[in-house]
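What follows is chain A paired twice: with chain B in the first complex and chain C in the second.
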Partner chain A sequence: MTKKQAVYFCTGCGLGEALDIPALVKVAKSEFKIQDVKEHPFLCGPEGVALIKKDIEAGVNTVSIAACSERVCYDVFNFGPSIIVERIPLRERVAWVQEPGDEDTNMMAEDYVRMGLSRAKVTELPEPFLVENPSKTILVVGGGLAGMTAALEAAKAGYDVVLVEKEAQLGGWAGKVYKLPPLVEPFTDLAENNIPALAKAIEDNPRIKVYTGATMESIAGGPGVFNAKIKHGGGTAEEKVGAIVLATGARPYDPKKLTYLGYGKTNVVTHAEVEEMAKNGKLKEVKRVAFIQCAGSRDPEHLPYCSAACCVETLKQAVYLKEFNPDAQVYIFYKDIRATGKYEYFYKAVQQTGAVFIKTEIPGVQVLEDGGKLAVAGKDIILGEDVTIGDLDLVVLANGMQTNAAFGEEVVLEDAEAEAAAAKEEEAAVKLDQIIKSNMLNLVYRQGPEMPALKYGFPDSHFICFPYETRRTGIYAAGVVRATMQVPAAIEDATGAALKAIQCVEAVARGEAVHPRSGDISYPEFNMNRCTQCKRCTEECPFGAINEDEKANPLPERTRCRRCGTCMGACPERIISFKNYSVPMIGGMAKSIEVPEEEEEKPRILIFACENDAIPALDMAGIGRMKYSAWVRVIPLRCLGSLNLVWISDAMSSGIDGVMLLGCRHGEDYQCHFIKGSELAEIRLSKVSETLDRLGLESERCRFHQVSIMDYYRIPKLIEDFVAKIDELGPNPMKGF
Partner chain B sequence: MTAANNQASRYDPAFANELYSIENGHYIKQCMQCGLCVVTCPARHLMDLQPRKYFKAIQAGDRDRVLKANTPWLCTSCNLCTVRCPRGIPIIDVMHGMKLYLAQKQGVKSAPGALFSKTFFDVMLKRGRQWEAWLTQMYFLKAGPSAIKDALKMMDVAQPMVLKRRLPLAPAKTIKGKSQLKKIYEKAAALAKEGH
Partner chain C sequence: MANKSILVIGGGISGLTTALEAAEVGYEVYLVEKNPYLGGRVAQMHHYFPKLCPPNCGLEINFKRLRGNPRIKFFTCAEVEQISGQKGDFDVTVKVNPRYVKPECTACGECVAVCPAERANTFNYGLDNTKAVYLPHPFAFPLKYVIDRDACADGCRKCVEACKYNAIDLDMEVETVHLKVGAIVYATGWQPYDATKISYYGFGRHKNVITNVMLERLAVPNGPTGGRIVRPSDGKEPETIAFVQCAGSRDENHQPYCSQVCCLASLKHITYIRENNPNAKIYVFYIDIRALGKYEDFYTKVANDENVIFIKGKVGEITEDPATGDLTLETEDQGAGQVVQQTVNLVVLATGMAPSVTAVPAELAVVDAGGFVISDIAQTGIGGAGCAHKPMEVSASVRDATAAALKAVQAVVGGGK
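Right, the complex of A and B next:
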């Protein structure tokens, strides 16, 4: 495509008063030889847009808009897929954060124009990567409550579903209970177990193909082109599917580990055993019962987390006991009753049955034998005294749940480990994902066969922004395999995951990325001639999107890609690039900044900021009219993981005095939308000090900060601190070379 | 397991059920021990068991504590706790029910605080309005010799109150239509007997 460029300056929103627009026009005309440069006082208004559209009709195909941030008016300045639009954020990142009319302010604006136009010069229109005959079938692994709900919801929305259940019958754990907790308003009465009805609906649905007594042998490919092999009835069935819902559920915590709460004594049972007794009518003779909550849960020695469902299960079983025997007396030893949401009404209703709630410390209660009966002793921390409830027929332990994803050996990638050990000697190694061979999916992925976990074996997702996602594109975890939850939450979760799976197959069919870059059609391209088989891209991809052949050549699975560019940042040979995002492009932006001579005493600081959180924070600082130093220039990155070290060394060698990286929080409570990006960037930055030493520069000239969107008020302070440090270090000695 | 047997009597469902069956008593079951009633109660520092603990003691069937507590007698019916209770317990009504239960069960003389309430009410009914000086005298006389000692101890409070006319020695005027007030009372007493 031959580019016909045009540049538009908006003089509204105070830009015209704050900036010397003719000087900026001159930059575009003389430095970038663009003759089509226009000004408008209200560019996002109908007249302004009409002005641009008229030029487009006359042949302009690359539009640079020097006005507001790319985060606003993106719909107004969308001229269709064949027009390149480059936004130069003079408003939020210059005019609103600098003194109007100042010389330094205008220099800053000129640099933003240079950066924008140098980017516009090299960027290309992306073309979508389309797979042949993408499958829109959704594979649901696990036929419990969540799995069946997801299958039915997807089928109702008009998608074919393959449902795989390892037991001979559908139903899972919820299928084995006597009754379910309340599911509808007013949340006070138990619901009949509707699982058999759900199973029947599935069997009757022509869109749903069910494999019972089946497990996943392997899953290869990526979204739209998954090739799933299902071990079934002694043979193997093959299905081509587009997306996967993982709903393999959880199992009760092993009560044999609960001997400290009396498990093993006669008539000390678990929730599951009470369900069995209820179904067999054995609760009729039971008169006095004590429940012990948090049996194993919220205990660092056992399950450190809250199992979420056991409080409501106990309340439900307290109702069973009254139903079978109206004289039954129930005692509940608890730490906190976590009947969340509308289950508060259920809690209240169960209190009305006369059940006695005793707040105590667990562990700390003892189960004693009391002449053929049982007794529970503990401390009532509200009345502040010891209490023993004796003459009990039954003690029920509310044992929590453990995700099925947590069972199995941890995957150790042999070569990766050997390399990591070697790497440790010279540099901080990237932490590998924890993957447990739980035999649920058996993915044919270079990075391991199952979902990566963050804590306690639960498949990890970006907890705040994308709870249904996992770290494997097109695979959505739902229900208690993903996190502990109550029944209504599992139903909601399954519905959400089904919708996500539908979005995924549709996006793949259009060649678009799924979240967080929804709708992005660019994708990384590998110039394999120069690949050195170093495996950094295959190891560092947070989504396992790149497989390897036996010679360690990367084999990108395009539909698994989320377009973060982490591979681009990792590649030492810089052979990975997107049509509209590449190492030379960002490098060119950095180099286009005009660096004044040393004696002018105008230092230059480059900020690489993550588009997801740091850029919005910078924009919010602008909207709040906070002032910061005029020495900084900001370049947005898709993710800090795409940061290539060559940009820093190039910037330094061209005389930039300091480089600051603004990325998301990483670690256990990470906020990075691409999971590991900001962490990788910080690790890479630790390596750059070596390069700086070679250039004879102080490593303090580079700094990394974790910011979230809420940290906008800290931005000016972070910048001022860094500017003070740079002043202390003095100008970059490379200036003028 | 003697210890167990002793303690088990504390968690006596029979006593709890007895209290649940008094007027508005069933609401006590749904207390979830959040403590909002306590933080709003203006009389909490005078109570042996603050409302939250009082309800807990009832739920636990802790007969000794419940019967000894002065909690309901100190309730001023200001309604703050009732407004704030997230479980919607009408606490002042529950307290009223407890007062009635205790007065009937223990007799006006032995229930702590009951005598004062009764005297207060009698004086009120007689004149149609309160006469504080008369009320205090009547109360301390009825309460017996030990109470007169207590009354003498409180003279330092009483004297300035008299001087500032907060405790008028002259009888207050009786209200108009006192006979009607009496009728209202009699009607209400009759209804109460019928169990309304």
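Right, the complex of A and C next:
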């Protein structure tokens, strides 16, 4: 499209008083040759908006609004998908954080106008990447309670489903239990095992195609265009699917590791064995039984986490015993009874059956033989004395669970790659994702065949606020494969995952990104002529969105892309660009900053800031009228992972005195919604520092800070400290070259 | 033909999630929030457990999703007044209360400078005051001021005169909006259980007995004390602090259910205190510590702090020494039959969650004895999500709210299209 640019300066909110607006108008007119330049005292008001709309009707298609931040007035300044709108945040970034009327304030404002207009000049309207005939079928891997729930819930919303289960019949772990814990009000009565009913509903649902005795041979492609090969009945079936729910469940913790709690002795059994006994009517003979909770769980030597379900499972089995034998006496050795939420009602109900609860330390209890029977001895913490419960027919170990995703060999780099990695040692990249070959998905992804494992092997989301923020686009883990949980939680989790899978296939059909840049239609384009096969983009993509051919050329799978721009930041040849976000575009913004001569003693500091947390924090500093140095100029980035080093070296060679990066917290409790963007940026910065050293420029001229959105009150201090450092170092000697 | 729009009542983390998740599938969504801002209860939190990260980070992403999504229409200062009809065809009346500030507000703040009147800051649970015209909190979305007319001085029009944008209308009236929707999700969240009802703990009488939600505001850098956790009686930093778990939860006389979050909330609060005061000694009186799943790691971390002492027992009574403001907790040692006493500078009541569901039409939806909305949205077209559904923490609320979005979609497509 031919650009017809216009610029609007708002003089409200103190902008008119704080800034020399005619000087800013001059920047637009004489430096950028834009003729349509207007001022308005209340641009976001009806009259101001009408002014812009009138110009748009007259043919203006690129609108630069020099007023407030894009986080406010987003609605009034939205002129539809065919109009480019660039916001120049003079209010939050300049007028509200600087001395009004000051020369330096106005120079700052002029630079923001330059940056905004240089960006507006080159940015283009993105067009969505649309795949042909995208599939909207949902593949569910795993036919236990979570998988069956996901399949049925997706089908009820009108979507076709392919359900793959490795056993000969559906049901998984839940299919093997006698009854389920309470699932409905009043949460005191056991639920009949509903697996046969669910299986029937699935069988009767024409939208669901079931493969039993089947496993995934491979899954290639990406959302909307997954090609799933299913090993089944001695052959291979192929299905084109749009998104995937991974619901392959968990397995009980291996009781052979629980000999310290008596496993191996006759009549010391696990939860699963009690289910068998209940189904076979073998609990009738059991008169006295003790349960030992946290058998393996909450134990640093075994499973450091809590298995979440075992307390309620034990309460359930205590009810079985009473059901088969009303005289049965139940003792429960526990650390804490974790019957959360409404399961408190169930706990009360079981207490009323006469079951005895003994708070103790586990490990710490002993299981002893007692004249043909068993005894459990331990310290009763409430009574403060040792107790022994003897004459037991059965001791049940509440043996917890481990995700099935945790079993398998870890993916290791191939020899050649390992050597290359060693050669690049000083470039020590971000720790690779741990991928365990659990043989569940068998993804044909360059980054490995399964979902990256997080702590304890769970392919969980790291985020509290976004439990479905998956690291493999379009693949949503649900149920106990993802995290330990109780039965109702697994049902909710599977339903939520089904929604996310449906949402993903709809987003792909519209050519849009999924969370966190949901709705974004821009995508990275690769100029392959200049690719040097360095592999950085494939290695650094946090979502495994880029495959490689045999010559190491990147093969981007567009629908796996989350649009963070990490590949763009990684590429040393700068061949990766979005229509509205590219290396030259951001570089152009930096270059548009006017760098005063050394004698003027006006240093310039460039800040690259993550738009998810650091930019809102800077806005908050503005709204709070906090003052900071007039030397800084801020450029927002989609994610610091998209930071390309050339911006820093160009800035330094054009005389910018210092560069500061503001990114999200990284490390174990990382805050980056693109997983490792800020970490990558810091690693890249360490490399540029070496380059600077070689050029005779102090590496202290570049600095990285981890900030959270709530650090806005800290940001002025960070800036002042850096300004002091730059003062100490003196002007950049490259000025004027 | 069934109406395919979805109404979400409540704009906290659950409601925002249900609304966004459904809208990102492609459905039209109305979001109705009674506060003048979105974000609900989590906007008042300092950190989430166990990552100790600020809730505004996730809210910001959600607001960004909202800003960019043309399929969601949201109302603030709004309440649902009436619902009639049935699944696929509901008529809803929404009352939009006057904000007294028009959409033209630019948040320049000139009005606050001239406002002579004050009101208790409800966002900070009354721990400080704001002017009668105020921004609900620094991160408020939408970033628009609001006026508490009850707090205004009679006949005062100073703010109107100060506003250059003619954005204040002190005579603004209630508006009524009629919506037609196919499914309704109650995501109205929770209220802290009213601690004054647990009379023997002395909340409201003893100044230095506070609740967990108040502690949250004390810990926030932009809160009433600038992030200093101090005693209300004398503004001093406490050296000894007691946490009383299950204050009103797991108690037949109050709320019989477990509120699910209070254990982890207290563990989190301990980290706030310990980070600021290396000498602070903390006593936790508890029945069971319920840290499910990987939250156990967080419990382990706090439990390994030797300045934190866990005592199993339900606190019976709290008495105050009027001279010092210190408090003595009496706890029965269940086995020995003797009473243990502990004196501390500050008591934090881990009050649980009461659902804040109002006006659920009984003929259309099912509400349990505790007040939680439990009907299946897919079947009846109306149900709950998040803490309006049952007590749960943020991560579980988001999971439940996402599931509720699918159930609402099922309701409007009639169970299969």
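FYI, the second predicted complex is superposed on the first by the 724 of 737 C-alpha atoms of A that agree within 3 Å, B and C clash if a C-alpha of one lies under 4 Å from a C-alpha of the other, contacts with A are read in each partner's own complex, and residues count from 1 in each chain.
By our rule, contacts are C-beta pairs under 8 Å (C-beta built on N, C-alpha and C of every residue); 3 or more make two chains touch, one makes a residue touch a chain.
This structure is a prediction, so every number in the text was calculated from the model and none was measured.
After superposition onto chain A, the modelled positions of chain B and chain C overlap sterically. With both complexes placed on chain A, chain A has more residues touched by C than by the other of chain B and chain C. Contact with chain B, but none with chain C, is seen for A:354 once the two complexes are overlaid on the shared chain. In the superposition on chain A, contact of A:331 is made with chain B only, not with chain C. Legend: residue contacts after superposition of the two complexes on their common chain; A:464 is shown touching chain C, with no touch to chain B.
By the touch criterion stated above, A:713 is placed in contact with chain C alone, chain B being left untouched. With both structures placed on the common chain, the touch criterion links A:341 to chain C but leaves chain B unconnected. Of the two partner chains, chain C is the only one that A:489 touches; chain B does not reach it.
By the document's definition of touching, of the two partners only chain B reaches A:389; chain C does not.
With both structures placed on the common chain, the touch criterion links A:407 to neither chain B nor chain C. Two complexes overlaid on chain A leave one chain C stretch from 112-120, 328-336, 382-390 or 400-408 clashing with chain B, and it is 328-336. When both complexes are aligned on chain A by C-alpha atoms, chain A residues 337, 348, 359, 380, 382-383 touch chain B in the first and chain C in the second.
Within the complex formed with chain C, the residues of chain A that make contact are 12-14, 41-42, 44-46, 68, 71-75, 153-158, 185, 207, 298, 304-308, 336-345, 348, 359, 380-385, 455-456, 458, 460, 462-468, 483-486, 489, 492-493, 495-496, 498-500, 502-503, 506-507, 510, 514-516, 518-519, 612-613, 616, 620, 623-624, 665, 669, 671, 673, 708-710, 713.
Across the complex, chain A is touched by residues 13, 20-21, 24-26, 48-49, 51-65, 67-69, 104, 106-108, 138-139, 142-143, 164-165, 220-222, 250, 256-260, 288-297, 300, 312, 334-336, 368, 374, 378, 390-392, 394-396, 398-403, 405-407, 409-410, 413, 415-417 of chain C.
If you check the complex, the residues on chain A that touch chain B are 329, 331, 337, 347-348, 351-352, 354, 356-359, 368, 370-371, 375, 377, 380, 382-383, 386-391. Across the complex, chain A is touched by residues 1, 3-5, 7-8, 10-11, 13, 16-17, 20, 26, 29-33, 52-53, 56-57, 59-60, 62, 87 of chain B.
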